[in-house]
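Chain nomenclature is as follows: A, B, C and D, assigned in order of appearance, with residue numbering initiated at 1 for each chain independently.
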Amino acid sequence: MSTINIAIIGLGRLGMCHAEHVASMPKVKLKAAFALDDEQLDLAHSRFGAKPYKDWRMMINQENLDAIIIAAPTAFHPEITIYAIEHGLNVFCEKPMGIDMEEIEQMVTTIKSRPEQIFQLGFMRRFDPSYQEAKRMVISQELGDILYMRGYGIDPFKNLKSFVNYAGSNDSGGIFLDMTIHDIDLVRWIVGKEPVEVYAVGNSLAAPELQKMGEFETGVANLRFDNDMVATLVAGRTAAHGNHVEFEIMGSKGWIRVGQEASPYYTTLFTDKGIVRPCMQSFPERFSEAFKAELQAFIYAVSSGKPNTVAAEVEDGRAASKIARACQESAKHHHIVKL
Amino acid sequence: MSTINIAIIGLGRLGMCHAEHVASMPKVKLKAAFALDDEQLDLAHSRFGAKPYKDWRMMINQENLDAIIIAAPTAFHPEITIYAIEHGLNVFCEKPMGIDMEEIEQMVTTIKSRPEQIFQLGFMRRFDPSYQEAKRMVISQELGDILYMRGYGIDPFKNLKSFVNYAGSNDSGGIFLDMTIHDIDLVRWIVGKEPVEVYAVGNSLAAPELQKMGEFETGVANLRFDNDMVATLVAGRTAAHGNHVEFEIMGSKGWIRVGQEASPYYTTLFTDKGIVRPCMQSFPERFSEAFKAELQAFIYAVSSGKPNTVAAEVEDGRAASKIARACQESAKHHHIVKL
Amino acid sequence: MSTINIAIIGLGRLGMCHAEHVASMPKVKLKAAFALDDEQLDLAHSRFGAKPYKDWRMMINQENLDAIIIAAPTAFHPEITIYAIEHGLNVFCEKPMGIDMEEIEQMVTTIKSRPEQIFQLGFMRRFDPSYQEAKRMVISQELGDILYMRGYGIDPFKNLKSFVNYAGSNDSGGIFLDMTIHDIDLVRWIVGKEPVEVYAVGNSLAAPELQKMGEFETGVANLRFDNDMVATLVAGRTAAHGNHVEFEIMGSKGWIRVGQEASPYYTTLFTDKGIVRPCMQSFPERFSEAFKAELQAFIYAVSSGKPNTVAAEVEDGRAASKIARACQESAKHHHIVKL
Amino acid sequence: MSTINIAIIGLGRLGMCHAEHVASMPKVKLKAAFALDDEQLDLAHSRFGAKPYKDWRMMINQENLDAIIIAAPTAFHPEITIYAIEHGLNVFCEKPMGIDMEEIEQMVTTIKSRPEQIFQLGFMRRFDPSYQEAKRMVISQELGDILYMRGYGIDPFKNLKSFVNYAGSNDSGGIFLDMTIHDIDLVRWIVGKEPVEVYAVGNSLAAPELQKMGEFETGVANLRFDNDMVATLVAGRTAAHGNHVEFEIMGSKGWIRVGQEASPYYTTLFTDKGIVRPCMQSFPERFSEAFKAELQAFIYAVSSGKPNTVAAEVEDGRAASKIARACQESAKHHHIVKL
């Protein structure tokens, strides 16, 4: 296995996290990085030796790359992916695929026209051992018939202000496309079926300023499947206690609940506040191992030429985006959307 | 305070439970009991000294009663209530008020025409200290803005067969009227508002024979309020681990989750099965104190002539029934029902 | 069964708690109460109709009693018990039996000379369903060989000051006799064997003023049995989070842990303090059902003339006292005490 | 920083685990490995490129090494360490330092004669974030006065048979030296003080064959400090549920409990067995990150020439060994051992 040359596009929190993981892998070289921010570029250069670029097309053209990692704002995903795929690169793209459904379709067409190139979408939860155990129990039928699923993905309240600022000048795609999409992907992945309709509601009771921007701060989506199994997926930005990511599968023989009290340590405190378990404060903390594992899977896929069987592929990205957009429509108009 | 004379109508599991509580109260006499089953009548007679009746009208006419407790099948609630109210009695009636909406309306009219008589509905969860703590936290605004609520009420799988038998010859009213109604009442009681629409789905994946009887074995109801707060209420009959009654309120300053791991003992086992908490096996076990407390409240209301402020009244019963029936309709026809 | 006439001696927190339980029982009459404090006597009179006495001998002589409940300070237990037994009464006596070992021996002799009278000691934990489940698992050998036991009994820190005041003018008997004795009794009851030696240590690091009074604020006792099984029993007065009573049995096939997170409600809070379970704040709250059950057992024993098989008898009281005193001696002199 | 050349002595479970960690570090080369077993040597060669040796002295003499990792049976630690130190190498040595106290003293003398060489002892728990958080809370006085500590280290029952086989032909040093020593080190590290006496008891109730070998299967040690704070440390080999490593600090302002329900996943199962949390099955699983972190610390210490401040040093190893041996003596003779 020869060295894989990689560049990264976007050096925000997640981009930097990916850069670090790539830099620590054997036989992988983070050759270059694109960002608009000088400080970020300097950091990536000093820490990882990545050559700085402020023009990502030039970076792709000049560097002799095997693959790129896209961690730019969502709206840029389609354009960059299409360019990179057409220039022969393997692509690891953060979720979601894009905001505009038409652009996503073009992306899909391009990617499918180059089946020998790897395209992997950043649904990292698939690489978390807890979710893998959940899926294993479903497939082995240890949980019996699956009757109901529930997903929570609630960001810490303390980050709400900075999201409001971000949303003021960026299009997040809305809460269903930005956040719920993780659980949409999990539900599809775990049950291996497509929902037939969605009913969603959104509110911004704790951050009314979001409403004016067309954003919901809390979104509740119900996905109905053809056998009338339902998945209720709640996304939000107001968990006082930290980063609350929980997932539950209710089966006739048993239930599995993932992450109801995910702790950074194995500690319990007994204090005048009660009996306290500390809570994870950020998704990179909760999913630190999964973020590493998804990139290892990508690198291995690139070097072997075979896509990873756990990883989300282009069709997964398209399907999840369509469902997320249907939720958005349902919540906006207060009606059921058939799929 | 002079002795209160009481009779009970229905001596099934819940009827017997109420009889026992009444019999242990000071200044209360369980004078008579109605049932169709001789064994039940004998038991009530030998244990509590209750005079047996096989005609409940005769019992009401002949005994000099202050109040009756109705624990007969739901379909009989309106007829008995109306008769008892018209005969001047105070009435404690099990939930739900009835199955037929028209009959329920007649019940409401009769009860309201006699404001000096106490009518109390058996929503015992209101008397559970955990729910009272939850409501207190909402009212005191310790939880901030209420963004989402979730209720689970799942009966033990081991009781599924006997329910299938029961449903074969009785009209339970459907899962939303029979089970979800507890959480419908809680949501109304806690937020003090009425939902504006419902979206519900039902399935019978684990007990397909129920489908043929027009019953769902699992029901998922979403109640939307005018501020777009949503409550998702899941009822079912297939919890492998026991009686799972859980309720959650998600607020912007904190969440409260009630009963996620309600245990009969304060024990944790460490065995080759893992780290195990035993689970409650029945609702009378989970709510034993609440069942006592609601009857104490009723007796006190009867003797003082003032309805208890926690207890569910006739309007609560009507409202909850209407919402439950809307859920039923939504699940049957796969559409949203406006309220 | 005719009515049982009872009097109570001592109306402190525990005395009042017993009085309330007795008053709510059918076929039992709380005829009289002894206390030095007028307010307490007035309360017992107005709430339960108990005739007030300031001389307990006079009360025993004048009232036609079947039984008395002794909830006076420990030092008075032997004298009162002996007097009551000699006057033909059944006796329910709070733990421990006494402070002075010689007085305890006299008590034992007197009680044993009247085998037809019931003597029951207030080890209420035996009546808690969690401990009964623990004992059941030991006896049924579900836990395999018992290798180690651990008991914690830590009072809330917020009560420390009032204990310091109390200890300033009363002889509590020391922490091992006052507190550890509950777990000493449990260990003997559960394994059905006697320890052969003890090694104990005490400190008053958080309340040095106790040291001057000859009291320990924290006491650690190790009981060794002849098969070298050990029980470590920790008592203290400084739990910041409330009343922490925990008990564990380590067996070769499994462990059972009782009360590690005993909660007053079935609630979990998710707040900016973390994930929080509220904790019991007092032992009457933790053992409310057990306190009721032990008195019911006593009343039933009195009326049937047969001692309850779960309840602690006079020999249990003597044995536990001897062990507790050995712990005290070990902690004082830093040596092992053989039994 | 130039590449560090390392060899490993011993390729059992722990040796292989260390080899893997070293092999994945940048700027570190696992040049050689010693083992008696051919299969182990082949594996180390094929996986890590380590040159195989069956004579560790020859390996030290022939390879140009910076450091060695000693994961051989305990009895060999002193001899190998002394040889390696005298040949100018940095040494990472598994715990405990040795079995014979005289040999340990020689080891200490040799190591202290070469202060410029790094000697690090494998007390990996110091590198676990939960214990670091515990120590932080003690030092910051968030827990108030420390009144009591408790450590459990119980190996899975399923490994008991293989330990009995091992103990038949090897000297483990006894349970206190082999297992309790981890918690002895933690107690010393956290409170920064030395115990003044120990009282220990051992039994082999679940594996009587161990008794004949002079081994205890369960060992309970009490360490008393000069302020009469006590630490109770329980080690054993019979946890039915897995690898149970728990540690608790009781302070006057709060307690911290580490690892009471350490889970391999963030999952809770609700099944007919109850509400179940899976448990860690092995110490390499529980401490996987700590094992990595201690070696990283060692490598950094070697390259920088400065010992890591968290890591256990030679004096820590000596002190812990002395305490462990005192426990062994106490348990053997049923007396207190003064230190």
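Here is the rule we use: contacts are C-beta pairs under 8 Å (C-beta built on N, C-alpha and C of every residue); 3 or more make two chains touch, one makes a residue touch a chain.
The chain list, named the UniProt way, goes like this: A, B, C, D = Gfo/Idh/MocA family oxidoreductase.
Every value quoted in this text rests on a predicted model; they were computed, and no experiment measured them.
Colleague: Touching chain A and chain C alike: which chains?
Modeller: Under the touch definition, chain A and chain C have B, D as mutual neighbours.
Colleague: Using the touch rule from the top, work out which pair, C-D or B-C, shares more C-beta pairs.
Modeller: C-D
Colleague: Starting from the mean Cα coordinates of chain B and chain C, work out the distance between those two points in Å.
Modeller: Computed from C-alpha means, the inter-chain centre distance equals 39 Å.
Colleague: Hunt down the residues of chain C that sit against at least two other chains at once, touch-wise.
Modeller: Residues 157, 239-241, 253-255, 260-261, 268-272.
Colleague: Where on chain A is chain C touching in the complex?
Modeller: 157, 239-242, 244, 261, 263, 268-279
Colleague: Which of the residues in chain D end up touching chain C in this complex?
Modeller: 144-148, 150, 154, 157, 197, 199, 201-203, 205-206, 217-218, 220, 222, 224, 227-230, 232, 234, 236, 238-241, 250, 252-255, 260, 334-336
Colleague: Considering only the defined contacts, which chain B positions touch chain C in the complex?
Modeller: Touch residues, chain B against chain C: 24, 26, 129-130, 133-134, 253-262, 264-272.
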